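You will see chain A twice below: alongside chain B first, and alongside chain C after that.
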Partner chain A sequence: MSEIILPGDKLPIHRALVQEDPENEAGSNITIGPGLYKSINSKQIIPTQAGIFESKTIKRHEQLYYIESNSSRYIPQTNDYVIGVITGVIGGESYKVSLQDFSNPVILSMMAFPNATKKNRPNLQNGQIVYARVSNAGNEIETELECIDPTTGKDGGFGLLDESGFLFNVKSLNYTRELLFNPNSTILEKLSSRCKFEIAIGINGKIWIKCGDGLNLNKMEVEDDNGSSTVSNDSSKDIKVTLAAVKYITQCQHSSPDQFDNILQQSFKDI
Partner chain B sequence: MSFTVKTSLLENSDGSAQLITGDIKLIASVSGPIEPKPRQELPNVASLEIVIRPAVGLSGTREKALEDKLRSLLQAVIVRYKYPRQLIQVVIQFLSTPLTKYQGGAYSNHKDEVEYSNIELNAAINGCYFALVDAGIALYSSFASVCISLTEDHQTIDEEPEYIIDPNLKQLHKSDSHHVICFNIEDKKANKILLLESLGDFTEEQLFTVISKAVTQCELIHNDYQRKYITEKIDNDYVWKA
Partner chain C sequence: MSRKIEITTNEKTYFIEALKNGIRLNGRQFNEMRTPSNIFLSKDEYGYIELEWGLTKISCRVSSFIRKPFEDRPFEGIFNINCEINSMASKQFENGKNSDEEVLISRIIEKSIRRSNSLDLESLCIISGEKVWSITVDLNFLNFDGNFIDIGCFGVMLALSHFKKPDITIINGGKDIIIHDINEREPQPLSILHIPICLTYSFYNTSQNVEENIKGESDEDAIYLLDCDYKEDLLKDGSIIITLNKNREIIQLSKNGGIPIDVNILLDLSLNSIKFVNELTDLIKTLIKDHEQQRFTELNLKLLQVGADR
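Up next, the complex of A and B:
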């Protein structure tokens, strides 16, 4: 079931609610997701965003409703996977992290890293980027991140993203969600036919990608000094491939699936 | 009443829309929720910053007055409790207005400046709606606005006055009064008046006629234009979906 809903429209769930109520005294449980809002005064569930209305049954008597829509401004929610840029240190205890330009900064505690203790702290510099999970988010409190997988206590893929990769922004947040969560998405699969890559997708609209061995700047400098150019060539090829991959990923957000092969070819034509 | 709209045309703002209606062309952009300056921060709701820029010259008292009217409207439709201690920035840039079209001609005297500002307000409201939806800002309901002028024939007293929907500048000059009415729209029906700006001479009875005409017009704008352009926008947002 999918239909386009505008703010103020009547939701198809009201009918369902009324029908189910008499049978089940407690009423069926409803979970509302993004785009829906329970009005404080009228206690009604109203749509607040324009998008595609989705409804899913999680369990018996438990319904999930939300509005699937695109936006460019990221609003942190618990358990989101994000890429943040370190912008400062607060009180020597935690880092100040920017998730998006002009958004409120979020906090990344120095203790929220695997094996971190009072004595053994991570050493991150301003401008470095981390892949993290939103551990605590809410309107009234400051958002917190962590770089540990809560189930194992290990890094679980989170942590510092090194400088051998390339970070770029994507405007449509729905597109980053598609890349990260849809296992049937062909976009990255097609890219893998052209190059070897490592990717970190933050649903705050930031993507970090490393193609081949990555951009190893130190290695290039050393080779230049020695006058030999073999490794340097390798590295500059990786830079080209990375930029082509970035071009491919950014262009795919504005085109239909049948164009993907074409864009891939266009992006990689000089390599 | 007719207009054309293009959404998401600005790369660096969270939501934007270009609206062309009659002689007026404008771009509305919305950024938010973003980090406010300390003096703008409100503890429990989102603060609004509204900036209106004229097509020609610097913004003055006329733009400030427009900003205030727009603010009173937006405060009522944005779910501000959802974004406490955050800022929503709305910028309206006029690209062309009736004044720029007739500039230097017979219409550029002081009296006109007061008159056309209300049709600018009408366009600004409609443009704002698309930009807010594009930015994904939570709204209590949709809203649409319409401008209606009424012209009385002074020779025949008992005749009904002539009502013109979305008048142009020439028609505004001949009119006795004009009104900008904004309705909130719930479940495809006009529900409450969010804003009513009137200028000129009119009777209570005439005002009620204008309002009842505005109801059908606002519903028409919502069902024919807003729905069409937003469906287009959503299709565009999901082009990559197989």
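Up next, the complex of A and C:
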């Protein structure tokens, strides 16, 4: 079932289901995803975005409803995986993080790191980037991030993304979701045939990628003293590969799957 | 809401490392320009153009009216350039508020074109001390991807070359004038004396030791890029704007702070620039010529031509 919905439209869900409190209705648990809003007073589900209305049965008695849409502006939702840029410190307790240029800053508490205590806190500088999960998002409160996997209490892949990788933006948020969540997407699989890479995809439109060994800044300084040029050659190759990969990922955004091979070849032509 | 583009340390280190290895993040050579694309010259309106230069996009409109000249310059027409940057181009520019950067952009464009006398103001005079043409250029930036100055200057010159003012006849011994409708008589182009072309070079300090470079002791670390995009613009340590024309005349050199530039580099830059200036000047000329030709055939103006071609 899929249908194009505009904000304020009536949803093609059975009316009775919607008006009842979904949690209490036996046999019809509803989970709402992005683009939908449940009014607290009337208990109605209202679309807030334009897009394609999708419904999925996730468990036997549970329906998932969401609106698939494509936008460039990122609005934080709880449990989103994002890449944030540290832009400042608030009150010595938390970091101010920017998820997208020209948007409201969000908060990343210094306690929201694995093994962090009052005395042992992370030391992040302005301009560094972190991979984080949106732990709290709502209209009335400030959006919060955290760098812990809530199920294990470990880092779970979250945390500082180091400077050996390259960060770039993609326009379409739908594309980052496709890369991150669609297991059938062949884009990254195809890329892996050309180079070794490590990638972090934030669904706020930021992607961090490190091809090969990435930039190894510390190593280079040591080698520079001996005057050897081999290291800089290696680094130069990795930079070229990374830029080719970035070009490939950015261009795939506007192309159909049958063109991917072509773009890949074009991007890696000089290497 | 923040009005700043946050540039991350990752992007910065990667950019610098790439420069050290002779690579630009956008894949261009160090002195390679983006080429103007999607150039639109209006067919219905003289002096309206739109162009894209990479992702930067501008529109430019020339308009004219007749007014009394300034008291102290009775033989000269009036020429103004209005430059407007608003948040449509990029959110970093605030509406209705001129930041230092915006003022600088419009002043440099004005300095290159208006103060270099590229437009012959005396040819705009109709009756001295009474009536002159006033030419106004409105330059609007529609999208920002760096290098507003070069693109703005190119756009204004293209629009001025494209513009035509209505033909006039002076009657009653210089007391009155008739302004002929553009459909009645072929309008007249402006007399442009030379075409100034701005070229902006951005400088980057790749050395680890910043202080050393400020003193100007390690010249080999200074890297310069032509026609930077927005990211390169944010990361630059200094820039120089060279305005030249096809006659190999330097119209202006503008350097506003930033790291020092060696004299030899400056000479190299000026010499290298000639190539781009020739290219861009020729581009303006061919564009206008093609457009005229197209218009001539489309409107079948041959029918209206009187007399033999001289």
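Keep this in mind: the second predicted complex is superposed on the first by the 222 of 271 C-alpha atoms of A that agree within 3 Å, B and C clash if a C-alpha of one lies under 4 Å from a C-alpha of the other, contacts with A are read in each partner's own complex, and residues count from 1 in each chain.
FYI, a residue touches a chain if its C-beta (ideal position, glycine included) is under 8 Å from a C-beta of that chain, and two chains touch if they have at least 3 such contacts.
Treat the numbers as computed from the prediction; the structure is a model and nothing was measured.
Once chain A of one complex is fitted onto chain A of the other, the partner contacts of A:48 are limited to chain B, with no touch recorded for chain C. When both complexes are overlaid on chain A, the residue A:257 reaches chain B alone and has no touch with chain C. Look at A:104: by the touch rule set out above, it reaches both chain B and chain C.
Of the two partner chains placed by superposition, only chain C is touched by A:167; chain B is not. In the superposed model, B is the one of chain B and chain C that contacts more residues of chain A. Contacts of A:87 after superposition: chain C is touched, whereas chain B is not reached.
Contacts of A:178 after superposition on the shared chain: chain B is touched, whereas chain C is not.
By the document's definition of touching, of the two partners only chain B reaches A:4; chain C does not. Chain A residues 102-105 lie at the interface with chain B in one structure and with chain C in the other.
The touching residues of chain A, counted against chain B in their complex, run 4, 6-10, 37, 39-40, 46, 48-52, 69-73, 75, 102-105, 139-140, 171-172, 174-175, 178, 184, 186-187, 252-257.
Taken in their complex, chain C has these residues touching chain A: 1-14, 17-18, 20-23, 25, 27, 91-92. Listing the residues of chain B that touch chain A in their complex gives 11, 13-15, 31-35, 79, 81-86, 133, 135-136, 138-142, 184-188, 226-227, 230-231, 233-234, 237-242. Residues of chain A that touch chain C in their complex: 85, 87, 98, 101-105, 125, 127-129, 161, 163, 165-168, 208, 215, 217, 232, 235-236, 239-240, 242-243, 247.
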